[in-house]
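Structure provided below as structure tokens; questions to follow.
Each chain gets a letter, A, B, C, D and E, in the order it is written, and its residues are counted from 1.
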Amino acid sequence: MSTPLIEVQHVSKYFGHVIALNDISMSVSAGEVMCLLGDNGAGKSTLIKILSGVHQPSEGHYLVEGKEVHFTSPRHALSAGIATVYQDLAMIPLMSISRNFFLGAEPTKGWGPLRRFNVAYADRVTREELAKMGIHVRDTAQPVGTLSGGERQSVAIARAVYFGAKVLILDEPTAALGVKEAGIVLRYIAQARARGLGVIFITHNPHHAYPIGDRFTLLNRGRSYGTFTKAEVSREEIVEMMAGGEELETLSHELAEFARTDSQLAEVARELEQEAQELQHGTQQSEKEGSL
Amino acid sequence: ACGGQANNGTTSSSNTTQSSSSGNTARSNLRFVVVTHGQASDPFWSVVKKGVDQAGKDMGVKVEYQSPDKFDMTAMSHLIDAAVASKPDGLVVSIPDANALGPSIQKAVAAGIPVISINSGSDVAKKLGILVHVGQTEYEAGYGGGERMGQAGVKHALCINQEVGNAGLDARCKGFSDAMQKAGAKVDVLAVNLADPNESQQRIQAKLTSTPDVDGLMALGPTGATPALAALRSMNKVGQIKLATFDLSPEVLQAIKKGDILFAIDQQQYLQGYLPIVLLTLYRTNLNTIANPVLMTGPGFVTKDNAEQVINLAQQGTR
Amino acid sequence: MSITTTGPQGTGKDERVTKVNPLRSLLVRPEMGAIAGSIAVWIFFAIVAGNSGFLTLSGTATYLSVSAELGILAVAVALLMIGGEFDLSIGSMIGATSMIITILSAQFGWNIWASILVAVVFALAIGFLNGYLVLRTGLPSFIVTLGSLYIIRGVTIGVTRALTGRTQVGGLDLAPGYDSAHAIFASPITIGGASFPIEIVWWLVIAALATWVLLRTSFGNWIFGVGGDVQAARNVGVPVKRVKITLFMMTALAACLLAAIQAITFTGSDVLRGQDNEFLTIIAVVVGGTLLTGGYGSAIGSVFGALIFGMVRQGIVFAGVDADWYQAFLGVMLLLAVLLNSYVRKYALEVRR
Amino acid sequence: MSTPLIEVQHVSKYFGHVIALNDISMSVSAGEVMCLLGDNGAGKSTLIKILSGVHQPSEGHYLVEGKEVHFTSPRHALSAGIATVYQDLAMIPLMSISRNFFLGAEPTKGWGPLRRFNVAYADRVTREELAKMGIHVRDTAQPVGTLSGGERQSVAIARAVYFGAKVLILDEPTAALGVKEAGIVLRYIAQARARGLGVIFITHNPHHAYPIGDRFTLLNRGRSYGTFTKAEVSREEIVEMMAGGEELETLSHELAEFARTDSQLAEVARELEQEAQELQHGTQQSEKEGSL
Amino acid sequence: MSITTTGPQGTGKDERVTKVNPLRSLLVRPEMGAIAGSIAVWIFFAIVAGNSGFLTLSGTATYLSVSAELGILAVAVALLMIGGEFDLSIGSMIGATSMIITILSAQFGWNIWASILVAVVFALAIGFLNGYLVLRTGLPSFIVTLGSLYIIRGVTIGVTRALTGRTQVGGLDLAPGYDSAHAIFASPITIGGASFPIEIVWWLVIAALATWVLLRTSFGNWIFGVGGDVQAARNVGVPVKRVKITLFMMTALAACLLAAIQAITFTGSDVLRGQDNEFLTIIAVVVGGTLLTGGYGSAIGSVFGALIFGMVRQGIVFAGVDADWYQAFLGVMLLLAVLLNSYVRKYALEVRR
């Protein structure tokens, strides 16, 4: 087996008396999508913040391409080719979209003392990259703070995808996204994998996790329950994992209890079936067409 | 008075020629600007300003009083610049820092504006082309105070300074300690807070507790004298530790009368405000000048003997 | 594949927290840094200036008195700063209200209690205006109250000189009602031969009251809310305007109380009184663990912040530091106190098993 | 038809030169779940901020129980019984969980000058309400700023549900939630409807929207495309609406293109089918059991 | 049911924006309020004091000179404040560096350029230290630099007195290199009979440079980033420490430049020089449209903020306002300027079709 792109061994993280992570090991290799699953508060965001250099692990080792590293700031991780979409997005509300997009990696033109921020280029790239995600901004000079939740998240994703060189880390990137935009993000992930990047993908949506993930690491209350390849687990098991290991059935009962008519829930079932068929249909079509 | 002109040498005769055109201006058209380093909120300068205003009324001329809001001579030089640009008929300035203010004053002189200096700057007045200096140097006043306190038998005194770094106050302190040293006594400087009487009092008490051999206090103004007196009262050391101060206030005079304060050094700063306006008015309307380069307004000493007489005047803010 | 399900543990022990020394967890409170700082400063001066009177009762009285005057302001300002605002006008408010009391009573012969009432009404009105302007215009309170700082100071100087011809007015001890006012605002309490001014009692009572309000009332909760995130607080229904305006009014009131204490103690007033107090107060509050950005802090902390300040200021005198070096020394002590403060807090938060 | 609980007529909202909403009308009645659908940036959050008194409409009318109102602050809306979960949650990061929970509506005990914040009660209720949502906090004194994204969102929802009297507005409440917690929120919505509240529910997840919604209002780029009852629209139409009126098929194609194996996508389809069956199964079970 | 699909409109016109008067949209820039304020203040004094010399060239020179001195600081402080930090030590830095230049050259006979070099190194070192302490300890810069304010001022007084026995030192005009230094830092430029000090040129050059840095370089983008949200900026890889420390050093350097200009113009120095400049500068910067909380503002704005200040300051003299009322007047003008400023910005943002 080749060396993983990034790997953590027996990592723990404490905040004061809070144990956020306890003895976690995991890794991502090139051309692989690793899904990080777990209930709310399981420690997923904390783990990826360690990977991206925001936090330093309280215990344990962190290896990039087999060599131990001690990132003391996200800048180090970025320069090692690790780009991250944080759950809180890491945006400057008062700054314009295009300045946010390129913050920390500004394109320049000219040379010597005349080297300057290439504003026109930054605006163009930002507009293009966002358009690719289906977001059409009115004005790239609009402050990010006035964007809608989904628009803001799209900017963060577009930025990470644009700058990610080796590893792409996405912390619930599709949470605020519409159906269409979420689909585009999934496509991005697949594209990145095809280009040989390692991707770490956190989501609470099983419809997003299962189709795209190659391996699944399950966190629960700060501990790891192990890593499983797609071959090892079934869809239901994944959903179970995402719920923190609890049976979903209880849940469906409760939901059903409050449904006012049987016909209504029957419909839910029907529509899910339809969705499945539709997706299958799409696959067959694409096979025929060959390309977009 | 006209005879004085001849004695005054080149400076004043050139002034005369420049301003002869305005020799007979009506008083009500005259406008004089006073720029000093003392804020209107400072009790010493408050009396100066009172003199300025009164003289303006008495002479029937327009007067304006300006000062920087902190002891900052660059700011003061800008005020003089503005005053000069507004083309007044005369300018009164204090000169605590001749280096900083000299160029601006020279600009005024060059523009043909008669300038009188007050309070500080007697040593440079002539060089800058100023008509006359009214006042007394802070150093001399301090020196006089030191001599008196030395005579009173004080061996270890505190100089209570409410604004360490302020050149005028430092000069008072320096004069005081030079005279005391000559008399064989020791002087420490104690910084107090001019905006907080309680803190000042507590600080004086702390100092008196930690250096019990202190037997004299010299406050550089009523702002320091009031808390110093309160400290002595609260420690039951009134009389035992001799207290003196610069400048007057009704409270200080009451205390002198009672014998709680030994003496107050009085520069009669009212004159420093009043006289220049009179002199400028006369210069403008009658081309009068003064023969002496310096008109001394002090130091005068107010003691138990003469405190009674000035107490009402201080109440009115003119002493 | 096997998954061991861990059921939710309602109220029992939680495996996701480490055991922690209860003493250490105490250190997380905002005021603990300032308490530690107070002790350190006290020990420092006990060693350096112990034999020159710092340790005596009367030495203690001098620094407590300085702390109390700063502390009365600091407690109110702490609440205001937790609520996310500044008030730079308190310094000139002290000068203005003490001048109101002095002029009305010493010049015009009013009963002192009537003058105090007028001063209180004046202070509340200005406090209201400050708050109203800040909320109405959305301008930072730093700027708005800087404006009122200048205006109040300027008007005080102008009016005082117009009315009395001077900048210092005395003779308050001759006004009617002086004795009762003196008993309440300025009478010393003698303990073991040293006289402790009664303002120390005022200080502690106000601090206790503020702590109660902050930690045990709805209003206190709102203060934290508006300071922490004003938009979020408004969205969950906190009456933001009412809270902030009340805080501004309380701050002005504290300044008025201090002004009354000083005017009556020194039987007079000076237009410059209180100058720069605004910054000293902010320092004391921040040293006391309150965040400059609002939303976090404590009233008790400001008590210890003011105590540190009083001890340093007076301790320097006891230690016999030369006047020229006074400010340098003050700066160093201040920095050390805040550093210790932040170190204590970090230590408390980074506890390991 | 009875008067709706809340209703807006021809409402528009401008920010500077930005037109966020343009001539929108909609209403919610008691005992009804109204789903607000639309692409990212369609104006959903802006609309609910008008309903909850955060923004004032630039044009148009706002009626509560048939009477026109002019809320100038969220406090007014709250006291009219309208509780909202904002997309940005409206939490004070430095404040403890329980203080945040009760901020603006603190429980007190004692009377007169001794009336005081009932801390013990607040702690207990907070802990209980969160436990009902499946969130077990370590310590109700923990600052909200240190909670995980999902934990924080749960606190906001629990608070709104606890205080909501007439209308409950939820702006993407399940975005950051785990599978289990999201299910609980859906149950809450059904419960609220059963109690006769009007609910406005915004989501990008069709699996959440369709089963629970009674009516659907579709926004697109600041305009309304109308309101539809469940009877009027099919599941696909809803998904289409959520994507801003675009065909989803194009999307599936693209996704499929990047899937590396056919078997993988076939699996996606299979698992969706399974999910549908599972939900149906749950319904039948609950019918048998009668209650939880 | 029918749905009309609206395709995405890439670069064409967007139906989601109203047409807007280009002039109005200009008003959104942070500095526009200050520009409008400058014009308003100028018109006010032109009316009130037009015939007493405010409108003359030499009158203009005096307020430009005041504005320039404040402005040199304000430009640097604007960048620092956009970067989310304060520096209260600049006031005492002016006193310290001008004293270094004066003592080394006037007392010890050093060539003036050598003394300036020492002062520059000193300023950069203190700036570095300020920044390092702020970032290392995580304490608010307001507090840290307040500490350095006291320390620097205290040490300046102490050392100056120890070396010279005085607090004012003069005689710089006799030092070697004075003429060349005078030509660069203090030579006046005569236009139409009025002499404009060269510091005005320095001011404008620095402002232009700062604007270039802020709007057209990566570093400028980082300044906005660290000021807007330091955590987010760090997370996307901005070298937060480097940016902030550089800003502190630049601010100290600006203070040193002003000190050199003043020392050479006035051929000497005073330990109290620069006192209170820190607050005047903050006011100028905020009046210039920079947010007190960081992340938003402009260098040009601070130019107009300083201009307003200079005009008010000097205009009061021309208008013959009595010194008693000076502060009240200043406060009112300040409030009006900020109010106008915020009104202009609101108006610009609330444009209707």
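Observations on the structure shown:
Everything that follows uses one rule, which is that a contact is a pair of C-beta atoms (placed from the backbone, for glycine too) under 8 Å apart; a residue touches a chain by one contact, two chains touch by 3 or more.
As the structure is a computational prediction, the values presented were derived from the model and not from experiment.
The chains touching subunit A as well as subunit C are D, E. More C-beta pairs touch across the A-D interface than across any other pair of chains. Most remote from subunit A, judged by the distance between CA-atom centroids, is B. Each chain gets a centre from the mean of its Cα atoms; for subunit B and subunit E, those two points are 34 Å apart. Centres computed as Cα averages put subunit A at a distance of 44 Å from subunit E. Note on chain placement: the centre of subunit C and the centre of subunit E lie 31 Å apart, centres being C-alpha means.
The set of subunit B residues that touch two or more partner chains comprises 40, 49, 164. Contact of a single residue of subunit D with at least two other chains is seen at positions 15, 18, 88, 138, 244, 246. Residues of subunit C found to touch two or more other chains are 16-17, 153, 157, 161, 291, 322, 324, 326-327.
Those residues of subunit B whose C-beta lies close enough to touch subunit E in the complex are 31, 33, 39-40, 49, 62, 64-67, 69-75, 77-79, 81-87, 96-100, 103, 164-167, 170.
Residues 8-11, 14, 16-17, 212, 215-218, 220-222, 224-225, 228-229, 231-240, 291, 295-296 of subunit E are the ones touching subunit A in the complex. Across the interface of their complex, subunit A is touched by residues 15, 18, 38-42, 44-45, 87-88, 135, 138, 142, 146-151, 154, 172, 175-184, 186-187, 190-191, 194, 204-207, 210-211, 235-236, 239, 242-244, 246, 248-249, 251-260, 262, 264-283, 285-287, 289, 291-292 of subunit D. Taken together, the subunit B residues at the contact with subunit C in this complex read 40-43, 46-47, 49-50, 161, 164, 188-191, 194-199, 202-203, 205-207, 209-211, 222-223, 226-227, 230, 234, 249-251, 316-318. Residues of subunit C touching subunit B in their complex: 49, 52-54, 56, 58-59, 62-63, 65-66, 69, 91, 153, 157, 161, 164-168, 170-171, 188, 195, 262, 265-268, 270-277, 313-314, 317-320, 322-324, 326-327.
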